[in-house]
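Structures given as structure tokens follow.
Here chain A shows up in two complexes: once beside chain B, once beside chain C.
What follows is the complex of A and B.
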């Protein structure tokens, strides 16, 4: 995993209040009950600020699993990969 | 990083309607999501939400319990993570209740899940006398515009009813500077009544306090720092005597309205229900409202029932009548049907009964809860059974029952397990009743998520619209026997 994944993991840990969370592509709102619509908005705002990105409304909705989120971030120019 | 404290809960709270009104009067935040059960049922949470700042005030009171002398808050950071609903039992955890520490972290949990967290720092204070009014003119809850969100700003006068505070939260009143309490509660009034105002959710507050000038004006000024339209999220700067900081708030979705009768009449070319009578249980809004209008447009005489939304139901009936249709309204509680109301329903002699009675569906927990399943089953199974068997007992004649089910039965989503199970039960019940009772035929249809108050979300979601989903069913499969 690269450093960008580590930075993203820290955001997940902080916002979902799970200090031991391991970010894996399979992580989504079904597997992590704290990842609800409220925390998702907080997470996306935090990702935008931390990685200096801007998501569209469709991308915000499609980012509700870690695999898609990382893919969308990479498409937006972030050097992030699993 | 906040981790959970190991101590047992300092306080367990359950907020009542009276508590909501007390804090509304105390803070001036009369936003309907807090104090109006009928309007609150049409919001994201389906019921009244406890003021976030009320949680903060309660937590500060508990923290002050073992403090001696006077304190000034130096810094306060709080985040509202999930709503606390009226009647919820929540627990406050405080890192250290000894009163010896000036820095405190506290959490409020609801069924083990954090719904608010707060960090507060104190220092010793020498109390200055302050002169604040005990009340100010009540604000009208402002329905702000996008322009307001982008460029909002203004000021609110501060007030504090010290006698009320001393009675309800005596330790807070004893220890903490009254001006600071007035400033903190003013942020609730700002969010709930002014900006974002009517359609608001309070997300968090971060403020620092310094020594205030003795003649500083007793008001809270605010200004939009940032508005993110894609998230409907506002960040406001705050300033007041000795206070600087920010707060974050969201613009919550507005109640979903269904198309007007004039529009539906244009869509419904058929008079398939001419000279027929249809009862729409739960027809004051959402799917029930759309069904009532479609059936009326197709010629049916419609009886709309409601539980709480009398004004909404009357508006639907008036819309139908204004387009030349026939509609009546009746209050009917599927959980506690009373004899006179039921007699009126039965006397209507329905050819079709559409059963849209439902509580708010909250998709916020995982796993299985028997009590949650039973809660839904009361509406979808017991209420339907009582209604149908009641009609049979009253010899209302043959009728068809439309049971709107859910495709969550086929695609269970997190938190919707019990809801989907109860809907599946309702399908089984319909099949049983159709088989067992000569005068009843049933039509259950698994509907996708549809744009109603039930499906509103802070996130952009593509969902179907009620009229498009219901029109082919009500003019097709659900037609009378």
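What follows is the complex of A and C.
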């Protein structure tokens, strides 16, 4: 767990309107019903802005669970890890 | 530049609050279907926020990707407005194809929407990043597709292009094909937010109650100059010269009158004076025949406007009042909050363009029945609010925070004093037209009262606008010159100047003031004023020596000072 995870958690809480959300690798659209396809794009835009990176369409598709999202962000140079 | 994430949060939280706060004035609910050949969900927050800002509550449903045509044709959904965007991204399959649109189906869907009583707002395909030069094949395809689309829509369709929005959005916030690939977004969510806001503004223009009548001022609005001061022969009305913009406004009024919007006049003038340019100036495009009610008097304009509204049997929110004077506009607004009073630009050349762009005279075609019920609630609420807010003329003048600056006549202000005397024909007591050289002799004479006055209020600085000169005689302090520019009429400035004179007279041991009035066809208001403040004369009309006690109580609303305190914002509005 590092600061970058906290920043990401804030984005999730804000966009999914869940002030108590805890970000865990297992989090995905099934365990969190508010993480639908609309809020997914919403999240992607927010992450792109907040962490100053750009996702490819494939990466947007693959980021539909927290574990993959963090992995892809780390691959793109972000200092984020569980 | 709108930001999607910010707007999204605003739409979700702030707007809910706004809705609760605005309690007694319910926003008009308006149902909007949004769709097209792309995923337009990301236009929704912008549309919602801008909808609230423009006074309506958009109930937005989005149609699934590419489904709007069958939904419309089969009448599966109804709404007040359909906002449909035929995107370039969708039509070209993300830029990879050069497809033709199914124009027949689109035409049929559009007709069906029209028949249902809804308004179709159709957004044409947007310019794409690929359009690097005018010979680009994509540009050709898009323009051909757009013009075919446009010519196949029923005339009731409101067609929007996005070029003007795209010019304002940085490329990186518009072109984002990765979102197309990921979720069929035709543009970056920031751009879609902007487009949603634009759609809301168009809807707001269509919802505004239609203007059903116009009441216009005359001096410096339909002609250049002041008929009472300049005379009808000197008004700016030359269409090839400095009268062009005024005659152009007359043309607009006549065109609107031909389209069924009656024109009335409210002018601070005598009826006789106000009619003369219509009778004597052949350049007038607006004729007396075009005017339904002609109200010319020295009374406050809101009284005339109210009278005309009653005669027309129209609500004030259906009446537009045109006046070049910020004071007249502010007064009308203060007394009649429902009246539509556009902030006419100071430059006459900009006025017609401004009025055309305002959308005030655009005719909405639909929704009248659907929204009537809601609107009547809203009107009731508004009426209650305006009844609570209605104020007296005294309160209004007090709120203006008028300052009267009285400067003694000097070499420095002599030219202005002389020109005021020469140019003023309405508020002019004697028409003595004292010449500059004679005035110069009065400077520094301690037995003579001679002051030039400036007026400042919260709308700005009117400059040096009045002059009063009086000299002692055996029978009392006699006024030699008293002139005031019509720019500051109806603000009790004459009362304030008379008060200043009265105070000086008392200090110098005078007991009465003599106002020798010489009647002309234009200065009747001076005699009315003297009567009203309690001066008496032995003659009812015509030339008369009015006489008043220096102790007469005179009501005015100005703070009188002897010098300017700093500078004030001239254009505080």
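Simple rule for what comes next: the second predicted complex is superposed on the first by the 82 of 82 C-alpha atoms of A that agree within 3 Å, B and C clash if a C-alpha of one lies under 4 Å from a C-alpha of the other, contacts with A are read in each partner's own complex, and residues count from 1 in each chain.
Convention: a contact is a pair of C-beta atoms (placed from the backbone, for glycine too) under 8 Å apart; a residue touches a chain by one contact, two chains touch by 3 or more.
Just so it is clear, the model here is predicted, and its values are computed rather than measured.
Contact with both chain B and chain C is seen for A:37 once the two complexes are overlaid on the shared chain. Applying the stated contact rule after C-alpha superposition, one finds that A:22 touches neither chain B nor chain C. Legend: residue contacts after superposition of the two complexes on their common chain; A:49 is shown touching chain C, with no touch to chain B.
By the touch criterion stated above, A:14 is placed in contact with chain B and with chain C alike. Contacts of chain A with chain B, set against its contacts with chain C after fitting on chain A, overlap at residues 14, 17, 37-38, 40-41, 44-45, 55-57, 60-61. By the touch rule above, chain C contacts chain A in their complex via residues 4-5, 8-9, 12, 41-42, 178-179, 181-183, 185, 189. Residues 13-14, 17, 19, 29-30, 33-34, 36-41, 44-45, 55-58, 60-61 of chain A touch chain B in their complex. Of all the residues in chain A, the ones that touch chain C in their complex are 14-15, 17, 37-38, 40-42, 44-46, 49, 54-57, 60-61.
Only residues 1-3, 81-82, 113-114, 228, 230-231, 233, 250, 364-366, 413-415, 457-461 of chain B touch chain A when the two sit together in their complex.
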